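Chain naming follows the written order as A, B, C and D, and within any one chain the residues start at number 1.
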Amino acid sequence: MKIITLGKLAGEGMANLRARSGMGLTAITIITLAFVVLGLFLVLFFNLNSLGTSLAQKLQLRVFLTDGASIETVGESLRSLPGVEGLEFVSKAQALEELRKQLGERSELLDLVEENPLPHTYIVRVREAELIPGIAEEAKTIVGVEEVVYGRESLGKVLDFINTVSILSVVGMVIIFLATLFIVVNTIRLTVIARKEEIAIRKLVGATDAFIRAPFVFEGIFMGLASASLASLLADFTYRLVLERAPQAIPFLPILPREAVVPQVTLSLLGLGVLLGIVGSWVSVRKYLR
Amino acid sequence: MKIITLGKLAGEGMANLRARSGMGLTAITIITLAFVVLGLFLVLFFNLNSLGTSLAQKLQLRVFLTDGASIETVGESLRSLPGVEGLEFVSKAQALEELRKQLGERSELLDLVEENPLPHTYIVRVREAELIPGIAEEAKTIVGVEEVVYGRESLGKVLDFINTVSILSVVGMVIIFLATLFIVVNTIRLTVIARKEEIAIRKLVGATDAFIRAPFVFEGIFMGLASASLASLLADFTYRLVLERAPQAIPFLPILPREAVVPQVTLSLLGLGVLLGIVGSWVSVRKYLR
Amino acid sequence: MIHFIDVSKIYPNGSVGLDRVNLTVEKGEFVFLVGPSGSGKSTLLRLITREEKPTEGKVLVGSRNIARLRRKEIPYLRRRIGVVFQDFRLLPKLTVAENVAFALEVNELSRKEIRRRVAEVLDLVGLAGKERACPRELSGGEQQRVSIARAIVNNPLVLLADEPTGNLDPETSWEIVKLLETINIRGTTVIMATHNETIVNTLQRRVVAMAEGRTVRDEVRGSYQQ
Amino acid sequence: MIHFIDVSKIYPNGSVGLDRVNLTVEKGEFVFLVGPSGSGKSTLLRLITREEKPTEGKVLVGSRNIARLRRKEIPYLRRRIGVVFQDFRLLPKLTVAENVAFALEVNELSRKEIRRRVAEVLDLVGLAGKERACPRELSGGEQQRVSIARAIVNNPLVLLADEPTGNLDPETSWEIVKLLETINIRGTTVIMATHNETIVNTLQRRVVAMAEGRTVRDEVRGSYQQ
């Protein structure tokens, strides 16, 4: 097909969209809104992923030493356990300092204590969350280890929950994608039906399938791109709204900065928009070609 | 219109749906999925509302008394401040007990303390979050009050955040409703177009508008109800999935039990389904009646 | 029974459908409407069924000026008017009987009454025995009979036919016109727009000739050409 | 140039469109296709444009059996065949010139070439000066001229016309048939299905009569009736 023809057919697709502008606009508005929701799901998904990773990285065991145990020997033994990534040593004094910080105002309480009751501690970083219980068991058998403490099930449950919500958000995205696809198909199908006569005449005078299909594919792509662009702006705006409030409101949940999320979301939406346009128009015209 | 005619026209609507069953089913599937998302937004919305209310109810000030101050006098003065709903007294001993609980394992630390360093405390319940800073200022001026402590801005920010998310979820619901409405309109419009000839002939032989419209309205209602019922089941299922995991994973966020949410969601979805069907079909037929 | 009084119809795009037409058709008449393409024959018929509203003038059906009809009243007007088209306008998915019953359903008659009347009218147009056939399985002439049956099953005051033989071969065309005559003899007023010279000239009925939206000739026993 | 060899066409619903038809039309001929409604005239024409595939037999256009054509090749066949219908099939929103140019666009000619050819062909059918008009603003005869212009603008080998005068008054019908004759004299093969007795009898061209899907008569200088 010649470039100039392609240009003409693209123009026709645009004209189609404008001709049925009431419906075209409604469709674009709704796809935009759907894409905003899709974009927010994406944002949620990215955030959950990063949250999961960062939580997993924080997985750690605390190993308390018996008074008088050899710090180095216990350290060696711990380091040699499979799955251990690294150790950090916290002395009795440092541990007391930490507690003092935790107690804040009421730390004067500690001044009343004659002897530091806290033990030397090793903080053990672990490769994977699943390995923690096993390592804890083994660590307990090491001579000089008084006790081993870790987040037990609670962390695992948080990760589980993050997983569930991740999956739900992917399901949500698929649903919304299908819904928008359906909207695109039906919107273009209405254009196709409105131009049924014209398609029939085109076929009769010897137009190839590609020639007949092109304006509808362009219409779909325009629709998808327009919606995706608008949606990206709106999603960005909404994310900024959330970013402004979230850190103070839920400091325990780290939220990704705009730069780490918005470009990906924008690209994903634009890609989906084009895909949507192509698939949607292909499906809606097919029946009238054969 | 006679009942029997109405029945016949309802049957016709059903037949329409079956006749274009590929599209009818696709539409129902997608509306169902959209309704599931809608339902989950509703669930989120209900939960946020209840969370907001319960957090607001927990708004409280802690007033520490100077050693030797008159417990009763300070109590009287606090009670007389405008906006105060109630007082709870926590004695030195009770405060120490509380701290002991908070420290858990390491509470043996407290055994080393010779004298209880904690003050008598009044916990003040306040009518509205906005009043807290003012009341705190006034309480400080009371003789016998050592210090006043409250969650400062952090609670307000949490409430702000909950509000933002609530609004976003309402916006999400409106978007999804509009999208499904659009899907219903376009799906029925395709049926209408497929039956354009028939509508024209019906008009010609003297059918009233109501008579022509009825099958499409029924088609819309069937579509809406079918989707809403399926979606209710799916939303219930999903909510149970979340309920199973959430309490352990995020114990700090209270989640409403099924009974408090699912019936409302089901009713809302069914209502929306019918509304959708009626509005959708009305809009799509109107043009062909004029 | 039908009176056009100074009726003009200008379409929104400016083309003139009718230009100050005056015409009276009495009960029981058989009228041929002739004239070149675009002379306003279809427009005239569409004004009687209120598919279009006149731009000016009065269109009386019975004693009512239907230009003034409210939207809600239009269906009841249409139940008293039967219409037949060149392209039959049958629903391909319904059987012959269902296509005819279609016109009765809007009246909300009982099933039994509908069945009785459909049988009666199919008998009249000579299609008894073809109730279960689909339009596709019928010849053009038979399809036009079905559409005539549908048009008359409500016992209309008047039957309008817009080139009912345009798609038919000469022989079949004759059969259809004979049928219209039969229906006319039974008391229904018939107005038929046609280009078929032979039929008009042979039948020797009233002929109203149109040109450029006006009635230019009105003869009681007319022919196609001047 | 066009050969039907033992061609049968049974539609999916079982109705017989054509029943073992053998027919040869040479380059430059003018053929009338006559026969009662449902005798298979339109089916025969639809097989030439590959709108339908024969159930059995060969349809040769040029030297190719188009029953065997692949989907992709169909457009190129159709560019060599012009088709005219009873109901004109013009696009109401395009002007006369655009309606004709439409058929050239699919060939991806240059703008200039398109404009030249459209002007030429509109001149031939006698519509020079009406380029900018919309179909609505034209008489039936003028609309049919536009559709003929569209059919011949690609210089087709053959022009198929399915009852091109069915919607026209006798006078206009004559003009159209005269135009088809002119086009035929310039070298294009013309096949015209019609019910118009007068035209067939007056023109004295080759007549192929059909009945129930078969060719029952083929006369070099024929008339409508046996």
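We adopt the following convention: a contact is a pair of C-beta atoms (placed from the backbone, for glycine too) under 8 Å apart; a residue touches a chain by one contact, two chains touch by 3 or more.
Because the structure is predicted, anything quoted here is derived from the model rather than measured.
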Centre distance in Å when chain A and chain B are each reduced to the mean of their C-alpha atoms: 23
Distance from the mean Cα position of chain D to that of chain A, given in whole angstrom: 61
Approximate Å spacing (C-alpha centroids) for the pair chain A, chain C: 67
Inter-chain centre distance, chain C versus chain D - centres from mean C-alpha coordinates, in Å: 31
Chain contact graph, described as a line, ring, star, complete graph or other shape: ring
Interchain contacts, given as pairs of chains that touch: A-B, A-D, B-C, C-D
Complex interface listing, chain A residues touching chain D: 1-2, 5, 8, 197-198, 200-209, 211
Chain C partner contacts - residues on chain D that touch it in the complex: 13, 15, 34-38, 86, 134, 136-137, 139-141, 163, 166-173, 195, 197-198, 224
Residues on chain D engaged by chain A in the complex (per definition of touch): 49, 71-72, 75-79, 83, 89, 91, 102-103, 105-108, 150, 154
Chain A contact footprint on chain B (complex, rising order): 26-27, 30, 33-34, 36-37, 40, 99, 106, 108-110, 112-114, 117-118, 153-154, 157-158, 160-162, 164-165, 168, 172, 175-176, 178-180, 182-183, 186-187, 189-190, 193, 238, 241-242, 245-246, 248-250
